[in-house]
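Listed next: structures, encoded as structure tokens.
Okay, so chain A shows up in both of these, paired with chain B first and chain C after.
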Partner chain A sequence: MATVGRSRSRGAAKLADLTSRWAFMAPATIILLAMLAYPILYTIEISFSELDLATFTATEWVGWDNYIEVLNDARFWESLRITGIYLVLALPLQMILGFGIAFLINANWQGRGLVRALFIIPMVVAPVVAGGVWRMILDPLWGLANYVIGLAGFEPLDWLGNPSLAMLTVVIIDTWRWTPFVTLIATAALMSLPKDVFEAAEIDGANWWTMFWSITLPLLLPIIAATFVVRWLGAVKMFDIALAATNGGPGAATKVINLFIYEEAFRSLKFAESAAMAVIILVLTMVLTALFLRGSRKLEEMY
Partner chain B sequence: MSAAVSVRRRKVPVGHYVRVTSGVVACLLFLFPVFWMVLTSFKMPRDIFTTPPTLFFTPTLETYISYMSRADIPYRMLNTVIVAFGSAFISIIAGSMAGYALARIRLRGAGMLGALILLSRGVPPIALAVPMFLVARSLGLTDKHITLILAYCTFLIPYVMWLMRGFFMALPKELEESAMIDGCTRFGAFFRIIVPISLPGILSTMIFSVILAWEELLFALVLTNRNASTIPVSIAGIAGDSVNGANWGALTAVGTLTVVPVVIFALLVQKWLIQGLADGATKG
Partner chain C sequence: MKQTSTGKFSVSRRAVFAAGLSAVAAISILATGASYAQDALGTAEQPVEIRMIANEAFANQWQTNMVPEFNKVYPNIKVTIDGVPYAELLAKSLLDATGPAPTYDIIIADDPWIPQLASAGVLVDLKKDAAAWTSADYDWADFNAAPLAAGEWNGVQYGVPLRSNLLLMFTNKALYEKAGLPAPTPELTWEQFFQQAEKLVQDTNGDGKVDAWAVDTYFMRDALTPTIWQTILNSNGGALLDAGNKPTFNNEAGVKALQTHIDLLKYAPTGAVSHGFNESLQAFRQGQVASMFMWGSVFKGTAVDPSTTTLKPEQVGIQVMPVGSKSAGAHRGIWSGAINNKSENQQAAWALLQWLSSKEGEVWQSNALGVFPARKSTLATTPEHEWLKPVFAALQQGYDAAGEGQMWRPRHPKSDAVQQVLADETARAVAGQATPQEALQAAAEKIEKLLD
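Coming up: the complex of A and B.
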């Protein structure tokens, strides 16, 4: 009798223990199931359906129709191409500038802490504010930028109105907003480098270039890779800056994919096609992210 | 030997000064747009639209006063505060607990779940915005604070979890072990021992979450229209106003109002912020 009671209470204790363990995961899991997992599943459902605009619900199952329509839409491919150009230009630029500036502001002097603190400021300017303020600075008529390059004797540029220049302008704005982020991570990484290795190398007569190439770079490689992944995760979501600075224009020259899907969904009310595009982008992003993560893990193991 | 030393002594400082100077120049270049925004916000329109651009002028608060008293800006400010703090608060609780579970509690399947949550950082928000809008509409939940708060949790919780997991892993295991031997429950150990010790990390993660929510535009555009709308929506509207043309006074004044509190916040916790950034990029 007593043993039964004890084993039952032990079973109950075990259950209580398991419950208390899972209770830690529960709030996050519940919120994310409702707000993340369910919407993704719903997006997938809509992408295979026809959407009734009177009730805003998915009605008829149409198979791959929405996907076929989207894949035959030249504007979708153009937007993908533009997003690709943006990523290929902006990410390396921000990585190189970020780590370069980190090296510069890491020089040992009294003002170092202040400079590093000030570098936080652009990083917390809301992207939509950044886009708007740069739009003002680059204004063809009253903007400061054209006045300054005019002083230097150059012709004024139509930063936001010239289709081939506009993409570059968006990259510049994005780089302004995000380089400090890379810089701050890089500063922390540079400071954690072991000093004695460099001293030993210096005693052995290694020059600056050799030290950079065979000590600093290999030591930094894992964090460069990790920073790249974090930055990539941010950059694929780019939306606010393009919206505020160019609104995708001129024409569709800077209409990155998030902006394109947003307009198709909420301006043209083509929810089903937008859902199909969103699913395509979701899959693409996941595959590339997994690749980058694996790459950065490999790098971490190598060094 | 002595020649080598003297060459070296002269050479190092020159490189050093070049480095310091270019670092400062880079910093000033990056700060300039913010400076220009703040400067423009104190200008009268006649000082804004000039060639050459005006550097010296009589500062005025006119734009601020007219915008704070006229339009819906103060109301949207309040909304932004509610939504940013609300979502950061929920996320810090749910995210810290999950981060702790991943760091310290052995749970079958939790690792998998954690990996999935981390992977969700790669989900483009637009893939969530479309269904959220449709569902919120059919449930009559559009334009409500709580909808936006929960929507922001989708990117804040994974972020908090990621940071706090690394933070908890760095704490010595004996802390909660001894507490639990002394009769604390798992929850007791977490809330009475672990949380107080981690408070600086939790606070700085919370502040960073507030900043992220403060700036968010896409969900705010999609899920709100009047009652719960936030400041970034206003700014997008002002910046993209092609009907009335560029209202730079409004843009810079509202922009400054948005940026200043966040800058103060960020500078207050800058040490933790940098540490958090570095951890967020490396650990996990």
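Coming up: the complex of A and C.
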């Protein structure tokens, strides 16, 4: 009898515990479902339907038609290719510069606090403003950039008008904007490294390079991998800078995939096809992110 | 039956009673109607509130200046205008209008948008549904045909022109004079333009460097960039689509027009391939280019307002774009006001649109705000500001040319999608990533598929 009573009271306690846990979690869960799951599910629904603009609802189920339409559109593949070029150029550059600058800032020198504070500025500038300011700086006629390279004896460059240079320009602006983010994370990571390991290595006669290669880098690898994944997720959805600086041009030189999706949806009002593209990109991003996460776990295990 | 006799006429008491009752009922109905009409336009105790969605570029100007003027005539209609960036305006307007309880009573739609909004079934037929509320002296026939047609779709008038605009040619007379050339006239042809263009690329301060160019306009990847070659095509007698919405530009005339647009780059400032509205406007306002193909509405800020331009009114000319093989060029860009058919305040909304597009409203708006009119009578008046005189003349020429050559963006519910395809493909040709033939071929295929 006493055993049954104890069991009942344990069950009641467990239920109470479960209830209180869910009571705390419920608001966040509801908000997440409303803000994240619903739009995603709605996008998926639209991507398999015909959208009636008069009611703004999915009407007829069209199966894979929208996906076939998108996959047969050369502009979609071209935008994917352009996004790939941007990612290959921008991500390594931002990672190397971010961690490199963090090393410099981490050294003990006067005024580094001020430099750290100044570093945050590009991150808080609105992308439209950043794009506009950079357009002025890079203007071939009266821009500061050509004036400076002119002082060094170089010919002026058409930063935004030359299709090959325009992508580099977008990468430069994006790097200016996001390198500080990498630097901030890297600085925090460097400051948290255990000092005793470095002191022991120093006593053992290790030089700067050995300490960097054999201690700092392995210890930082998990942070580098995590930062890379965070930046990758940010970079893959980039379109604001391209919109403000080049509007995807010249020609189609900087028409990244999200700019293409945005234009197809909100300018051409092709919401169903745009939803199909968004779903394809979502799946692609999830697969690649999973691969990166797996890679980063492997790196952690290796070191 | 006792009868009431009055001279020649004699009627029964029941008839008198019935007549009296009818009269009371009629008076009552009339009074109710009048009261309803009064209520629909608001009363001092119960003002009507209407909301408008408009381009942020002029929403604030209207809220600050136009609404108080309107309230002098209709004090009991409170107007709130929400400004939205141009790029999001159509999508937001559609999204709101198609909802069960729309926020906006009035939608201010750009030139190609009326077909899209009308085909969504959200607009009031102004000549039919609003006829009872239309003032007897509201003169529909006084509008120039081209701007009025911007608010029409499938024979139904859904919008009235509130802010009219045309793509026109601006000239810097001082740079023409410096190059030893006469100031252009509306008779200028494209051949003459290019002959003069070589001389207009010049070194004005004698330091051995070119510091002034012949032309600047839209070259960048932008939905409005194709309007330049479209206008050239139209002025050569060509058209974008036929009556069955099949592309008619993928031919020699289309290629020639696009090549003409591309050739402008030879005489444009360095880096002009990435120039659009802002860049070309700045170049012209700083006296660096002798001509500019641009929306006429920027004239005040370009020639008059010293806070935005280095030029003076006497230096700046405005006229239709050069003459092609058929006519001069202009390209219509009208903001029309339309009413949501789910609005509960349609009469009040129409009162505002009607007043603003009336003869007196247009005259007030052009004199007070410098907004371009659409009415022939307004264009025939002498404007209060001297600088508006050449503008009015250019507008009338432009309306005639645009009306005759149907110089506007496609009239179709998928107009913006067509324009986006044209922007994509012409941008490739302008940037040298494709030949004009390749670009137009690709554009024609996509548009045919899109409108199929």
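Here is the rule we go by: the second predicted complex is superposed on the first by the 281 of 303 C-alpha atoms of A that agree within 3 Å, B and C clash if a C-alpha of one lies under 4 Å from a C-alpha of the other, contacts with A are read in each partner's own complex, and residues count from 1 in each chain.
Operating definition for what follows: contacts are C-beta pairs under 8 Å (C-beta built on N, C-alpha and C of every residue); 3 or more make two chains touch, one makes a residue touch a chain.
This one's a predicted model, so the numbers in the text were calculated from it and none came from an experiment.
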Which partner chains sit in contact with A:F56 here, chain B, chain C, both or neither? Use first/second/both/neither. both
Tell me which partner A:D139 touches in the superposition: chain B (first), chain C (second), both or neither. both
Greater chain A contact set [chain C / chain B]: B
So in the superposed three-chain picture, is A:P156 touching just chain B, just chain C, both, or none of them (first/second/both/neither)? second
Could you look at A:T179 and tell me whether it touches chain B, chain C, both or neither (first, second, both, neither)? first
Partner chain(s) touched by A:V197 [first = chain B, second = chain C, both, neither]: neither
Would you check which partner chain A:F266 touches, where first means chain B only, second means chain C only, and both and neither mean what they say? both
Mind working out whether A:A12 is in touch with chain B, chain C, both or neither, as first, second, both or neither? neither
Partner chain in contact with A:N247 - chain B first, chain C second, else both or neither: both
Overlap the chain B and chain C contact sets on chain A and report the shared residues. 55-56, 139, 247, 265-266
Per the touch rule above, chain A residues touching chain C in the complex are 53-56, 75, 139-141, 156, 158-161, 163, 166, 246-253, 255, 263-270
What residues of chain A sit close enough to touch chain B in their complex? 17, 20-25, 27-29, 31-32, 34-36, 38-40, 42-43, 46, 51, 55-57, 101, 103-109, 111, 115-137, 139, 142, 144, 147, 176, 179-181, 184-185, 187-189, 222-223, 226-227, 229-230, 233, 236-237, 239-240, 243-245, 247, 258, 261-262, 265-266, 271, 274-275, 278-279, 281-282, 285-286, 289-290
In their shared complex, chain A is touched by residues of chain C numbered 87-88, 90-91, 94-95, 98-99, 116, 119-122, 220-223, 269-274, 276, 279, 288, 414, 416-417, 420, 424, 427-428, 430-434
What residues on chain B touch chain A, complex-wise? 16, 19-20, 22-24, 26-27, 30-31, 33-34, 36-37, 40, 48-53, 90, 93-95, 97-98, 100-101, 105-107, 110, 113, 117, 119-135, 137-138, 150-151, 153-154, 157-158, 161, 185-187, 190, 211, 214-215, 217-218, 221-222, 232, 235-236, 238-240, 246, 248, 251-252, 255, 258-259, 262-263, 265-267, 270, 273-275, 277-278, 280-282
